[in-house]
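Consider the two complexes below, in which chain A is the common component and chain B and chain C are the respective partners.
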Partner chain A sequence: MNIAVIIRQVPDTEAAVKPHPANQGAIVEDGVKFILNPYDEYAVEEALRITEKDGGEVVGVCIGPQRSETAIRMAMAMGMARAILISDAPAVEADLVTQGGILAAAIKGLSARLILCGREMIDTQNDAAAAVVAHRLGIPHVLAASKIEISGDKATVVRDIEGGSLEIETALPAAISCQKGLNEPRYPTLIAIKRAKNKEIKKMTLAELGLAAAQPKSRVTALRPLQARSAGVKVAGSPEEVAGKCAAWLSETAKVI
Partner chain B sequence: MDFTFNEEQKMIIDGARRYAREKLAPVAAELDEKAEVNLKALKELGALGYLGMTVPEEYDGSNAGAVAYAASIIEFSKADAGAAVAVSVQNSLVNDAILEFGTEKQKREYLPKLVSGEWIGCFSLTEANAGSDPGSLRAAAVKDGDHFELSGTKNFTTNGGIADVMIVFFQTDKEKGARGISAFLLKTDIPGFKVGKHENKMGIRSSSTTEMVFDKCRVPADSLLSAENKGLKVALATLDGGRIGIAAQAVGIAEAALEEAVRYSKERVQFGNRIAELEGLQFMLADMATEVEVARTMLLRVAWMKESHTQKFMKEAAMIKLYASEMSHRVCHKALQIHGGYGFMKEYKIERLYRDQRITEIYEGTSEIQRCVIARSILGE
Partner chain C sequence: MAGVLVWVETSEGKIKKITREAAGAGAKIAAKLGVPLGAALFNGRDLVPGLENLGFSKIYTAEGAIFEKYSSEAYAQAFAAAGEQFNADVFLTGATALGRDLSACLAARLDAALAIDVTEILYDARPLKVIRPVYSGKLLAEVELLGDKKVISLRPNVFPAAETPSAPPEVVPLSLENLAIRAEVRKAIKAAEGVMDVTEANIVISGGRGTGGPEGFKVIGELARTLGAAVGASRVAVDEGWIEYAHQVGQTGKVVSPVLYIACGISGSTQHFAGMGSSKFIIAVNTDPDAPIMEKADFAIVGDLFKVVPVLKEELGKRIRG
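Right, the complex of A and B next:
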């Protein structure tokens, strides 16, 4: 069974991210390390486990700037066989629904029975990819899987919910997004890292996918860091004094009582 | 001149950093307390390829090169310097010695299993009365036809208690002193050999350090690594490469100490301000960061010299071992000072780093021996 995995590159969790002063909604990329989206690692790992057991090929599909290649190479070092990278600006800058359409067009040619991706991107917290791609391909989707079992033409997926879990049976092909806990992603071996650099990354344009560039229907217009909270008011003294001071502050300064 | 890692090196180093954080760091303090080896991690690092970083692929090595190796040892050392030295010994003292001096048969027999982590190796030169002076070895190999009979006790052998394979040095011609020692490549399950005392150490307690006891241990003559009486060259050439590993360990410990000091100085409030705002402390941090950077840069250059096979690096290896280990001493000293009384307590990582650092100035050639090597080289002797 061939499996398509949607690959996204995100800033490292430890990177100090700052909004770009001129470029609306973007971050300053200088000095920021980019990594394979950690949730996508669960997707790659799951795809590898399924194909190692049942055969088939794992192919990555990625919309992103050229630098996304390092995230793809990481997935390849884990074992992914090859990938398609779509880097033209209208695709990279497109809204999520449009990007879903682009991914669907790229995936169509892969005869994939399963499409996997991480449950969300850790930078923007976008979590729509699996659903949008499934919609565009006219196939079912399940989000945030913590367990996937394939048998024949269907998959049984477990999804954790508040206080319990749901078990969902879905026909294949299907798109499934992967939650933490689904598996423990492997560390790439050094030999696999060396071999990854010779694996094929096919660069495709929108035109090659038979798509026209469209105006984004939505776009990020601002990225703002949280404002630091101002220091609180400290009161000291005996319990009686503290209570008195608090009451006075609430009635006279805050004017809430 | 290009000082950047290539993509492959970046991924290997990132992998080492990630493994160190996720698998070594969480148990490092406990293993230090109990003086236990993280054998599971060593085996996993073998499976990943970190135990065969300089071994060609024809012997199943990952052939990642000395630069990626040195940078990986830095990452392992930041989490657990004891685990890091075990990795260093396997790569630079065992694999490299077999690669350089082994017969094709020895390479095929030993390297694939060392590289995969199935076998752990050790390098046993030191004795109670022969440390810096290998000419005074007492352990002797006596030739008997096509066999040697080995007797004597070696000590302070890193990985001794977990080793499946050992490279051991014996006196084969007492008259010739240092020119009369020979290296042997042996399994540890041979009759007449046993592991002796397990040392209770000040630092790198998560590494095994033991005596190696030989009692009329009969081995075939083809267990020799390199020719009879050529052991000194095996020892000296191998230790040149080993020094890169120990220098990397020292840099890793220093980087970790600096990180601890920076974090603590931003948390600790005295006289109403974070102590990081005190200029006296800022100057300490600036000096520490500068020294770490200098050592790191030179270390990678010496590793590159080894990797490129274009030039000798004996002097430079001695220099970086000397500088990095003494730099690490200064950085750990200051980092502990910045922690004040808390730094003296086992709850804080700097306490372990301070103890772990100390051996880097001693093993694989003391600082004094490094100075001898450097002086001899610049005086042209």
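Right, the complex of A and C next:
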């Protein structure tokens, strides 16, 4: 079966990100390394494993600026066959619900039986893509899968919740977001990285998808650094000494105990 | 007329704490806008008495086999139906696993503005604005919600629980037609008995590389039992197989916001802070005085967790027993 994988390019988790002084809601990109969203690796890997067993093609769909190509090439080096990149500004700047609609429009033409994405985009910390895309396509979804088993027209999915997990049976086609624990993503070989350079990235605009730029439903009006936590009390000494000081601090200063 | 509608999240026949927190935030939004506050409660008709004095004027209920287990499709349809009857324009859920799911489905259904894992609401802003962490918690985004309908999920343990003396709410059963679901929960798998989840715990005690193995987590587990705390872990500890993934706090694990976070043998990477940076108080126990976490902790103990934690357990046990 054909599988569509929603991917995204994000700043490396180690990168120091700073709000852009002029562009509202943007970060300073100079010196920031961009990578494939770490959770998307689980989605790509799962798609590859399923198609390696049952046949079919893995196609990536990405909304993002031109620089997103490096993330797409990374997924291609893992084994993704081809990809669609939507880079026009109204799409890149759209709110997450609108972007879900754009992704759905791009996926519609792919005759995909399964749509996979990462559990969360680590830049915006949004985790709604699978649910929104599924709703727009009129298909069911499951979020945060740590196990996916395909059998015929159905998939059995285990998804984590607080204090346990749920085993969900869903009809296909379906959209599923992928959680850590689902698989061990492969490392691309050098040959695969080379070959990935020749794979097709089809650039599409909103107009080509039959969409018009929509009024934003939400927008980021400011980005600011988290107030850095400053160092507090630091103690050293015998276990009895430090434990005593800590217990006193907890009950007198923090008033937690 | 408009309104604010809160999803009542339940777990094993009990109302989850986040519901009271969402009711608190909802009551504040409703008061500022001069609109009523309502609730949507699915498969929990007998829990209605527990929803008094939270400021709800109406509680919309849905019962039946299809609601016995969580279903994105059925719950979102019912939540939307309740919203339509209540004329709601603001919808609140917890940013829990299922609350995030439901809010996403509802926002797609209503073509609404969606804000996930919100840690602050700017109640006086028009249109309404919220604050939420982005970029691994390194930045905070101020988000303006422009849509007519706004769906917001709230980070647990951040908003004060509601204390809103109010008349008993009116219960309105929803009549829903054409409910069909294609993704169905077949089995709920519980974590091992007595294991508290980190996401909603008031106190979380975590272990990292310094625990050196499962034995380190025994020491941490004993302190956790004394304090009624949940046990968390860094990515290293999980990847090493010392503790299950369900305990992982951080970028690729869970986000926690407890009153007290005790990090034992954890250096404090960016990825770990993404999951616990909004804790109210942080205590660190580390042999390395220069570990990044020691510069961010409110109380940093330079020492070996195997020696310090058991003594701390005794000391705190004495204080708790009085």
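Quick note on the criterion: the second predicted complex is superposed on the first by the 228 of 257 C-alpha atoms of A that agree within 3 Å, B and C clash if a C-alpha of one lies under 4 Å from a C-alpha of the other, contacts with A are read in each partner's own complex, and residues count from 1 in each chain.
Keep this in mind: a residue touches a chain if its C-beta (ideal position, glycine included) is under 8 Å from a C-beta of that chain, and two chains touch if they have at least 3 such contacts.
On a predicted model such as this, the values are computed, not experimentally measured, just so you know.
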Chain A residues in contact: does chain B have more, or chain C?
C
Which partner chains sit in contact with A:144 here, chain B, chain C, both or neither? Use first/second/both/neither.
second
For A:161, is the partner it touches chain B (first), chain C (second), both, or none of the two (neither)?
second
In the overlaid three-chain picture, which partner chain does A:92 touch, first (chain B) or second (chain C), both, or neither?
neither
By the touch definition at the top of the document, which applies to A:110: first (chain B), second (chain C), both, or neither?
neither
Touch test for A:13: chain B only (first), chain C only (second), both, or neither?
second
One more residue to check, A:213. First (chain B), second (chain C), both or neither?
neither
Set of chain A residues, in rising order, touched by both chain B and chain C:
none
If we count contacts the way the header does, which residues on chain C are in touch with chain A in the complex?
11, 69-70, 72-73, 96-98, 100-101, 103-105, 107-109, 111-117, 129, 132-147, 181-191, 195-197, 199-200, 203, 227, 245-246, 248, 251-253, 259-260, 270-271, 274, 277, 281-283, 289, 294-303, 307-308, 310-312, 314-316, 319-320
For the complex, which residues does chain A have touching chain C?
11, 13-14, 16-17, 19, 25, 27, 38-39, 95-97, 100, 122-128, 131-132, 134-136, 139-144, 146, 156, 158-171, 174, 180-181, 215-226, 228-237, 239-240, 242-244, 246-247, 249-251, 254, 256-257
Provide the residue numbers of chain A that touch chain B in the complex, in ascending order.
70, 73-74, 77, 187-191, 193-194, 196-197
Using the touch definition from the top, list the residues of chain B that touch chain A in their complex.
7-8, 10-12, 15, 18-19, 47-50, 53, 57, 62-64
